[in-house]
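What follows are several structures.
Paired with subunit B in one complex and with subunit C in the other, subunit A is shared by the two complexes that follow.
Our next item is the complex of A and B:
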């Protein structure tokens, strides 16, 4: 049970980082979306992670290390003002002739994406290490 | 020495437990690489064990009631400690990916060496049993 939990811990991180990649991909895909269901331009989304802890069972020792990995706490919408581009011919241009575009910085999304990818890789390595420990344990007494 | 009272085997088992727990803790640290305010944890066991071993020393024979009494060695158990006093990033997270990867590899090697030692221990007993049969 002890070792199997480490699969779950790394698995939770893989799920969380994958969701983060999805959100970043969504941001990049909607870089110039001016129409949304809520009205107005698309808003950049960010993911907030939180440490996942099992209900504490007293002392923090070998019996009750209660770390369970990571969970996605919330997906936030960015509330920074949209970018204004003067284009009176655009169908979504306002009275003043400005079009409101989402405030997405491509460089920021790219760096976030690389961070998420590297974290994903680190957790994959942790899964592989746990697997090799488990296989090694099967060799006891052989 | 009797097989099931083998203290080396018992300690190796504890070492395997500690290494498995450490893998879990490192996985947890790596999982929270991007969690704001997260503080890393670490497992201490080998240090505690060697200290417990030093404290135990050689057994003292007590033939008189006024002879020195030997205090029992503290039990060496794996312990999880959280490093709360360091900072690595502006969001308060202190997980260092290189350090975690390094510790994970070191822990894997340690686990493998424990398994190997357990096996060689068992092989010794097997040898004793089989040779005695001849």
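Our next item is the complex of A and C:
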């Protein structure tokens, strides 16, 4: 049904922003995690979004709109070097006495979190606007 | 919802100018066929919304906004259909009141 396309588009964006918030929450939760399954400290993760296009592209005319919203393309690990803290008593300290902590900056995570929240808000506004548009259509002939 | 759909599904047969048998047949371009399609779509949306609400209550759902969007969709689809049906009923009544 094409009637509620704008709902679906905004809905996909809401799902994506929710996932982004989940990833940021994971980053904050693992701010001082020194052990992971892959070995070494936790690495900061970021999400990459991709435009979600309809399966059938159809004709390439500029009038038709084939977007279906956004999807999460991948979640990738940040490869910046870990922070080194001298603490020889730590069980995960290296030979040199330094512990490798994740490369997470709390200020950056906080700003990312606010960005995710604001994007979510913007998309709920889009949903509400679509709803009032449909309700306006219902007023025709009333 | 089930009751509404059932009664509404049987109603267009009476509204249709064609005989009931023809309206139920393969002629999907008739008004009754179109309305039946629209109603089954509304019914599908209602069922999806019901399922999403159930999933939310049983904790199977990870996205709250999906429930709200689905219920919104179902509500709007029902309102649209009701509007169309009442318009058609009004036209039918206008014609039946016509002096011959």
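Heads up, the rule we're going with is that the second predicted complex is superposed on the first by the 130 of 142 C-alpha atoms of A that agree within 3 Å, B and C clash if a C-alpha of one lies under 4 Å from a C-alpha of the other, contacts with A are read in each partner's own complex, and residues count from 1 in each chain.
FYI, a contact is a pair of C-beta atoms (placed from the backbone, for glycine too) under 8 Å apart; a residue touches a chain by one contact, two chains touch by 3 or more.
Everything numeric here is computed off the predicted structure, so don't read it as measured data.
Placing subunit B and subunit C on a common subunit A by superposition gives a fit, with no clash between them. In the superposition on chain A, the chain among subunit B and subunit C reaching more residues of subunit A is B. In the superposition on chain A, contact of A:9 is made with subunit B only, not with subunit C. In the superposed pair of complexes, A:115 makes contact with subunit B only, with no contact to subunit C.
When the shared chain is aligned, subunit B comes close enough to touch A:50, but subunit C does not. One geometric descriptor of the composite model is the angle centred on subunit A: between the Cα centres of subunit B and subunit C it reads 50 degrees, in steps of 10.
When the two complexes are overlaid on their common chain A, residue A:132 makes contact with subunit B while staying clear of subunit C.
Once chain A of one complex is fitted onto chain A of the other, the partner contacts of A:18 are limited to subunit C, with no touch recorded for subunit B.
Judged by the touch definition given at the top, the superposed model places A:70 against subunit B, while subunit C stays out of reach. Minimum Cα-Cα distance between subunit B and subunit C in the superposed model: 10 Å. Put simply, subunit A uses residues 3, 10, 137, 141 to touch subunit B in one complex and subunit C in the other. Across the complex, subunit B meets subunit A through its residues 16-21, 23-28, 30-36, 38, 41, 77-80, 82, 97, 100-101, 104-105, 107-108, 111-112, 115, 118-119, 122.
For subunit A in complex with subunit C, the residues that touch the partner chain are 1, 3-4, 7, 10-11, 14-15, 18, 124, 127, 131, 134-135, 137-138, 141. Across the complex, subunit C meets subunit A through its residues 41, 62-63, 65-66, 69, 72-73, 76-77, 79-80, 83, 87. Per the touch definition, subunit A reaches subunit B in the complex via residues 2-3, 5-6, 9-10, 12-13, 16-17, 20, 48-51, 60-62, 65, 67-70, 115-116, 118-119, 122-123, 125-126, 129-130, 132-133, 136-137, 139-142.
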